[in-house]
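Here is the structure we will look at, set down as structure tokens.
Chain lettering (A, B and C) follows the sequence in which the chains are written, and residue indices restart at 1 in each chain.
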Amino acid sequence: MTAMQHDPAYNFAYLDEQTKRMIRRALLKALAIPGYQVPFASREMPMPYGWGTGGVQVTAACLTPEDRLKVIDQGADDTTNAVSIRKFFERTAGVATTEHTNEASVIQTRHRIPEAPLGAGQILVYQVPIPEPLRFLEPRETETRKMHALEEYGLMYVKLYEDIAHNGAISTAYAYPVKVEGRYVMDPSPIPKFDNPKLESGAIQLFGAGREQRIYAIPPYTQVVSLDFEDHPFEPSKADHDCDLCGCGTSYLDEVITDDAGGRMFVCSDTDFCAARQAEGHRGRLSGEDAA
Amino acid sequence: MTPLLQVRDLTKRYGARLGCGDVSFDLYPGEVMGIVGESGSGKSTLLNCLAGHQPPDEGQVIFDTRAEGPVDTLTMSEPERRMLGRTDWAFVHQNARDGLRMGVSAGANVGERLMAVGARHYGDIREQAVDWLSRVEIAEDRVDDRPRAFSGGMQQRLQIARNLVTGPRLVFMDEPTGGLDVSVQARLLDLLRGLVREMGLSAIIVTHDLAVVRLLADRLMVMKSGAVVETGLTDQVLDDPQHGYTQLLVSSVLQV
Amino acid sequence: MEAMIRVSDVSKSFVLHNQGGAVIPVMAGAALSVERGECVALVGDSGAGKSTLMRMLYGNYLANGGRIVVGDVEVSGAEPREILAMRREVLGYVSQFLRVVPRVPTLEVVAEPVWAAGGSRAEGEARARDLLARLNVPERLWSLSPTTFSGGEQQRVNIARGFAHEFPAMLLDEPTASLDATNRAVVLGLIEEAKARGAAIVGIFHDAEARAQVCDREIDVSGFTPERAA
């Protein structure tokens, strides 16, 4: 895809320059203190809260005209949310866009980390609904801030304890809490815990929560440990199937209901990854003959 | 013997009004002290200042820490004081809801303090939680129930288990039997008394119920309008009160 | 060697702050000395101050003047914890009424003073079994709380408790009241044994025969009654 001019009615990437500077300052602070939630003056965006206003603001603050942007929602490039955000930046920033993970310099994501490994030169921007991992157990913001400041993370384990007590295993399957660089406990946004190991990466990872007005970050090559108990260690898990389209046995899968008779299929949630494998000739259980 | 807690000239004012004034006492290891007085006498203010929940205006609260010996807790850094609050100190609230996490199971409520001081083995945590529940007479099969499903007396016993699981040396109790039925109160008192003896706990109990202090406290402090008016051995203060206010307090108890 | 219990020039009055500050003097110039192995009976009319003096010895009432010493504890002016230590280790008290927490089994009620004084679990229980058996408290009751017992049974549990730890000094308030002849003899035997091992005992005995049997001396507390203000 080629770069185009952005709509001159908008400033580059929608936000005004002062706002972008404010967000960049917050981003720098967040990178300097990995896992720490930096408050920022979140702006009203032309989309509802919950649709990625935090991520969009972070992306806007990071984009340069030379960037190539990829937007995914649950791993897919072709869902409504991904398409509209991509179009938003095509129009307001005129940047090039792509669906290929390895071609993108900035990737905004909701609820997934791409299967293909990310590396230096790439920025992964997460949309975050609730940045505070302690929130569901401790409703007071004053108290949770103090708990982070004093590294009082016993409460985080209370949640995991409850999982085991009620389900026999840690049943938290997404937004699985992690400890960043041995210091701050962080909510990795609602990515499946399957993706947690990929939080240790060569890319810059930025997290934006628009409604909650928080930004946090994981710099490249930072240690990220998923919390667990000695006798119930962390296990990244996925559906026990292969992708029905590309046959991959190691990627994260979506379950798709195909008819009213209980028919279903499992497909890679990362559409780009799956398409690339199919292009390479990999086949799954339900691949049509014509794909060959 | 070094006192576990040395309180010196503790004063708390609310503007022009006195919360508690010039309170001084020593509490020795294994001693249980009752603070009695009517509502508004300053006993809760005093307890909150002692436990670090409220900053006093003047005075010292010197605790004999395990690591460094006697330290004024009021000059401790906040992390140190909070650490004390989940290790050597415990606080039993009058309303169990203030001292429990109502949204998580009984086991997690007890286990939280263990996890807060670094326990990371689920099996061990659960075993200790079950052990403590049985010590406060809560059946093992209730370990995964939330406190919401418990009666008032059970909630209070759960709060006590949650507080004592880390083996604190000093327990603050604010009307621990308040709001409970008389029969439930008796059971709770008996339990508390046993635990205090068995663990050699020091405790400071605020209450307006003289029967509670007669059963639990070694010594008494009687407060009126923010000031301590009388102190002494519990049975001596109750049977031979010297101050007019104490005499009034003792004679006002309804006989059954 | 100094006497185990020494009382000199002790006075006591009650001030009723809520009744116009009325001062009621109840005792003045009380003096008493009890040697080890000696049993002294307090006598005098009802209201003469026998119980008041006992309570002051035990630290339950505050003396207004004078000195009370038990062993090496200066009771007048002692800190609460010193009094409590004295009550655990030095001075036992058999009152007329059993005052215990509901739900605690009889055996533990009796053994508790042994444990409080530092005795082992087994020691306390053995002592409790021995005493309960001697005082003819049926064994089937030992695991029950004494709060449900008859008056006589409660009194025997109370005595067993009082004698469980071998205190060097003891206060006995009507120890033989409401007992049948058999148990009365057992109690008198216990008192004799305590004396024989060197306990200093102060007692109130309305039972003149019992008093004559175990007491070495009598002290009439009427002599300590203050002059009433006209």
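Heads up, the rule we're going with is that contacts are C-beta pairs under 8 Å (C-beta built on N, C-alpha and C of every residue); 3 or more make two chains touch, one makes a residue touch a chain.
The model shown is predicted, which means the values in this text are computed figures rather than measured ones.
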Most centrally placed chain - per-chain CA mean versus overall CA mean: B
Chain whose average C-alpha position is farthest from chain C's own: A
Interchain centroid distance [CA atoms averaged], chain A/chain C, Å: 77
Averaged-CA centre spacing for the pair chain C and chain B, given as whole angstrom: 32
CA centroid of chain A to CA centroid of chain B, Å: 47
Where chain A touches two or more other chains, by residue: none
Residues on chain C engaged by chain B in the complex (per definition of touch): 14-18, 55, 59-62, 80-81, 83-84, 101-104
Partner chain C, residues of chain B touching it in the complex: 28, 31, 186-187, 189-190, 193, 215, 218-219, 232-236, 239-240, 242-244, 247-248, 251
Contacting residues of chain A [partner chain B, same complex]: 137, 146, 150, 152, 154-155, 157-159, 161-162, 164-166, 229-232
Complex interface listing, chain B residues touching chain A: 78-79, 82, 86, 101, 103-105, 107-108, 111-117, 120-123, 125-126, 143-144
